[in-house]
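Letters A, B, C, D and E mark the chains as written, and numbering starts fresh at 1 in each.
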Amino acid sequence: MTTEYAVRATGVGKTFPTKAGDVVALTEVELTVSAGEFVSLIGPSGCGKSTLLRLIADLDGATTGELEIFGKPAAKARVDQDYGIAFQQAGLLPWRTVGGNIALPLELHGMAKPDRAKRVADLAELVGLSDFIDRFPDQLSGGMQQRVAIARSLAEQPRLLLMDEPFGALDEMTREYLQGELTRIAKETGAAVVFVTHSIPEAVFLSDRVVVMSPRPGRITDIIETPLGDARDEALRESPEYFERVTAVREALHGTPVERANER
Amino acid sequence: GPAADPGSSEDFEPLTSIKLQLQWLPQSQFAGYYVALDKGYFEEEGFDSVDIIPSGGDIVPQDALVNGDVDFAVAWVPKVLGTLEATGAELTDIAQVYQKSGTLQVSFKGDGVESVEDFEGKRIGSWGFGNEWEIFAAMAADGLDASSVKVTTQDFSMNALLDGDVDAAQAMTYNEWAQILEVENPATGELYQPEDFDVVSYEDTEGAMLQDAIWADTERLDDPAYADASVRFLKAVTKGWIFARDNPEEAATITYDAAVAAGEGGAFPVGPNHQLWQMNEVNKLIWAGGDFGTIDEAAWAKTVKGALAAVNQDGLPLITEEPLESAYSNDYTTKALAELEEEGVTVGGEYTPLDVVLTKGGQ
Amino acid sequence: MNAVQSLPGWVRFAAPVVVGVLMLGLWVLVVDVLDAAPRALPSPFAIITEIGLRFGIITEDMAITATNALLGLALGAVVAILLAALAATFRPIDGMLAPLVAAIAVVPIVALTPILNTMFGASSQFGRMSVAAIAAFVPVFVNVLRGLRQTRPVHRDLLRASAASPWQTFSVLTLPTALPYLLTGLRIASSVAVIAALVAEYFGGPADGIGTAIATYAKSGRASLAFAYVAGGIAIGLALFLVTGLLERLVTRRRPV
Amino acid sequence: MTGRARGALWGVLGVVALLGAWELYKFLGPAAGFVVGATEGETGSGVMLLPRTNDRAMPHIWDMIARLGASASGGNTPPLYVAVITAGLTTLGIAAVGWIIGIVVGSFLGAVMQRWRLAEAGLLPWIVVSQTIPLIAFAPIINTIGTQASRGSAFDWPQWLSVAIIASYLSFFPIAVGVLRGLESPDRMHLDLMRTYAAGYWQTLFRLRIPAAIPHLLPALRLAAASAVVGAVVAEVSIGMQGGIGRMLIQLAGQGSSDPAAPWGPTIGSVALGLVAAGTVALIGLTLKNYRRGEQTA
Amino acid sequence: MTTEYAVRATGVGKTFPTKAGDVVALTEVELTVSAGEFVSLIGPSGCGKSTLLRLIADLDGATTGELEIFGKPAAKARVDQDYGIAFQQAGLLPWRTVGGNIALPLELHGMAKPDRAKRVADLAELVGLSDFIDRFPDQLSGGMQQRVAIARSLAEQPRLLLMDEPFGALDEMTREYLQGELTRIAKETGAAVVFVTHSIPEAVFLSDRVVVMSPRPGRITDIIETPLGDARDEALRESPEYFERVTAVREALHGTPVERANER
């Protein structure tokens, strides 16, 4: 077999040149994500979570270091559609129906119409939106929109899912519901997931490992194992091990120097 | 009809301040009025202030007069006849300054437009907006109606003719005709010559109509003060035109200077040489052998006949009935001329045309 | 979004009618009752009579002006879309076009028409169409250019992540995003094009169309006929405005989420 | 090099490119144009695909410039460029008055429509319709009303005031729409906030609605300035007012055949005028940049 | 004394007439908030939390029932400026500086300039933004903006603070920091607080009582006491009583029927 790693970052750094001078968004990132593994990135605003995810997705290029996705350069992995991606904003095209939005990547890659319809139906089923295929995004709730976005990211059966705060804009109840859905879907598809979040409970609930980051310059300060087993259900949220892991992540986070409380 | 005895010696406060509406930009076409102003003839006739208001836009002289914006207006007879019938207003032509029509239809030699009957099927240029009635009247006399030609609205320049957009363009002897002759002929490198063109002069057709006339408000003429002012106004104007006849160069210069000075930033008239050409041509139209300003019954009748016959491109006639009798009156001119004779002014006389050489660009 | 939309439908319909009737009443009062208006402003009744009387020639001239406006609108819009696409793609072209578009936006028709008539021939309608085209160009260009720049980062990222080709990105994202802006531009341009085509007739060209008729009859004492033609011009402008407005509504129906 | 300087450089390049294209086309293009589908002997038939390049249609750029330096109307009249500037300033002054009238009327209408939705429903359609009426149809009416007003009273209604009023007919429109949209623009949250402060209509207007409207007002004011200039030029032509650039345009256009470069003077002048008017308003806008902070964040 | 209640709602209901028919946003709400008490409203999206807060603030009028603020009708309390309010979006006026924003209500009510400057300085001090008085909102981070909004809501020393998800748009770390700040400020000013949130931990951490609501129609389904004492600090977040209360609120919330999971 070619590789056991979905993502492998060595010495990755990213500097944005701006008018006001260079912004070091990320330095010396060392990270591996195994195939099928669920890894969350957590950290205060501006610590480079999104930047790291965008480098993995080849939406930006790394300034230094090396980044391999399933053993290939990020750009190649993108062209090969080795990953699916979802953002905080569902980012649905408002002029396309639910079905049309899910079908978008398939259409772009020339899948034939009947196959496409079949796949879209399956995906809609997977995220529980079979009845809504012909609706337009503005007729859906925020949670439903985000589920469409997840279905879209899964359209080409990627082995890696990249998600940047996909539940950030949702209310807590919907959020918890979708967290459950996501663990189920991740398990069903067997994809590795890199998941960016602000929420400690969310990170702990979902992940096999939580990567704690710190800003100025953005870097990884800690990686916390959260081996809570396969049953990620409501009961888990009230279990002592869960609270214990939440506390561990909180402490790792607070261990990062809070530079200027004023700027919060 | 108008007051039988214009300016009878009833008791009234004489008018001392009047406004005259012209029908175009300040130029030698209106030299007589500017000369009268410049030479103090209006003052001599008891006017403290005379406002000469140029037009050139959508200001229609007869409308300004009907509305009471001005006291007298210079306008072409057919245009006024149309307005009078359409609005039911009453105006009186109290002096027919131009005795002859100055309108031409100009085409390049060889294009086969040598007479009105040749218009058929051709593209005919006209300024429109009331300037087109002579064309339709002349055509009507030849049994043509407006639908037998294509009419193109000319803009301010003569480019439509020069570029071949029209077969024959409308031109005034005193203005656009000169503009054409101020253009270089690319074939010769010299200015165009009159021989290069075929010219239909409406004066020689059944369509000829009376042009620049001085109009007064018919109803107001019953007011002895206004009637009196009309006579005095005509006296001054007559003196102005006589001066322009006898001193065309100076009259052209006076007009040009007045045009340049008019308004704050000045007007931007055609050059002095062009003004002299215009003065010369205008004099030919005014001093045609009759008494100054006197309406020739035959010419009037011809104008009315043409106006009744003419139909425009929308199929609408200019007028459908004979105008009221009050539409013209020689009483005021007659009185003015008589008083001038009495005062020793020689009104009669011939105009000796100059030979104006046009220059490129007319500067 | 729009406060008016919250009014009941019949109020939205009745309110302008009431205002229209009030204005008409005022007009009748000033012209017919008080006889206080200049002659150039005719009575509405006289205008309506003329419309009835001269319906044939008015619609004939309307057809000519409307054709000029429509063709001009189409031409101006096509050129505007092409140039806006260029400007959106190449910054320098945007920079180069900026002063020219600003200049085109302020050039008066009085100055433009004689030039275009001389360039394209005074005996064809083309001079007028190009005046309409130039007038329509500006709002379409400005709006399309803005529209082409409205693609949201999240959508751009999505297409990049989907390894979409530049052409795919354009057809799937950029174009649909710009479409409502194009229609807004067209709606504004539609009334501008009619006015431009109409006013251009004042300054030369074939002796037909609404503008020629308005001037002809306004200057020969037939104010009510002139205003009957003005009504014809308004009808053309409104028709185009309503059609493009409806199209715009149709396309912007889907609110971005 | 700053972004602004670079922008200006590209702009200059754009103008140069246009002038170059003009001369290039004049050099290459057919003097009499290129017509297809013309019927023999039928003047003006066919479709002109390529416009004419002769000197009447397209004078050389350098001829236009040289003409600007030559005497405006022959004799000892000042150079054309001086005449253009003088006339331009006259028109600019009138347009400024028209602009201000437009602002007053437009703001009033906009504010009324914002205050009462019923007024918006009733007025806005007519305001839109008003802009489909050609100026030239009613310019003489305004002029007549003016002369009649000054005849009947002590107030002397100068002709330029008619021009300004006609110009304001074009300029009030963007203002009315801009004010309406601008005053409507505050977030619901901000309006709620003002309500929690028990602030009345006027307090809300001055503390919230007007400041929030400024990003909408600046483009409206700019558009109105350009419209006022165009309106003033057209109105000058229409009512035959002397001294302004509109009058100069038609007077020199009369010499377009024999002196084809002459009308380009006022043509360029009128475009420059519009740009100056819009540019000046844009500069005023710069002083209000604190009120545009919302544009980046929102 | 006039009353011991900051808020007293009896049988309060709110129906919005819409084109598609009446929307019952709230029914039969019975709630009292004592002076100085901190009460959170929690519940899924659309359960009427904001509606209830807006009724209290007299931003909308109740359809049925009675609402008293410090014993007066809500409208009177609004005119008397008995409450301060803050929303999810800080809602600062972008053209006013920090100082100008805090001063807005004082200005509207005609406080003299020197007094105003003094009060603004005190408030900026209170929220720790003394150095930022002359900054514009776009120069501040989201957390700082929200602190300005809180300072503004406190400007007229209200006895009641109304807050609608004021920390909803902030990242978790900033959020936790501001939660600490808010408990401090509430204590210092002695104001009663009605606090709308989606977050169970936030509600538990801040409140004396958590009001659990449920949608369709919006109503109160449970009120949970959270007597965690006065020390609301970081240690509390890791204490067993805290977890226990979090679990209690979660269960109360989930006890509300989840009508259509699909629409999340």
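Odds and ends about this structure:
Note that contacts are C-beta pairs under 8 Å (C-beta built on N, C-alpha and C of every residue); 3 or more make two chains touch, one makes a residue touch a chain.
All values derive from a computational prediction rather than experimental measurement.
Common neighbours of chain B and chain E under the contact definition above: D. Taking the CA centroid of chain E as reference, the farthest chain centroid is that of B.
Interface comparison, A-C against C-D: more C-beta pairs in contact at C-D. Remark: chain B and chain D have CA centroids separated by 35 Å (rounded to whole angstrom). With each centre defined as the average position of its C-alpha atoms, the distance from chain A to chain E rounds to 32 Å.
Look at where the CA atoms of chain A average out and do the same for chain B: the two points lie 86 Å apart.
Chain centres here are Cα averages; for chain D and chain E they lie 51 Å apart. Shown for chain C are the residues in touch with two or more other chains, namely 38-40, 114, 118, 121-123, 206, 215, 218. With touch defined as above, chain A holds no residue shared between interfaces to two or more other chains. Taken residue by residue, chain D touches two or more other chains at 43-44, 52, 56-57, 136, 140, 144, 148, 237, 250, 253, 256, whereas all remaining positions touch fewer.
Shown are all chain pairs that touch, namely A-C, A-E, B-C, B-D, C-D, D-E.
Residues 44-45, 128-129, 131-132, 141-144, 170-174, 177-178, 198-201, 234, 237-238, 243, 247, 250, 253-254, 258, 261-264 of chain A are the ones touching chain E in the complex.
Listed in rising order, the residues of chain B touching chain C in the complex are 58, 60, 62-63, 66-67, 79, 82-87, 89, 123, 125-126, 128-130, 132, 150-157, 159-160, 163, 165-166, 312-316, 318. Remark: chain E residues 54, 57-59, 78-79, 81, 83, 85, 87, 89, 91, 93-95, 104-105, 107-109, 136-138 touch chain D in the complex. Across the interface of their complex, chain B is touched by residues 38-40, 54, 57, 61, 113-114, 117-118, 121-123, 201, 203-208, 212-213, 215-216, 218-223 of chain C. Residues of chain B that touch chain D in their complex: 25, 53-60, 63-64, 67-69, 122-123, 150, 152, 155-159, 162-167, 175, 179-180, 182-183, 256, 259-260, 262-273, 360-363.
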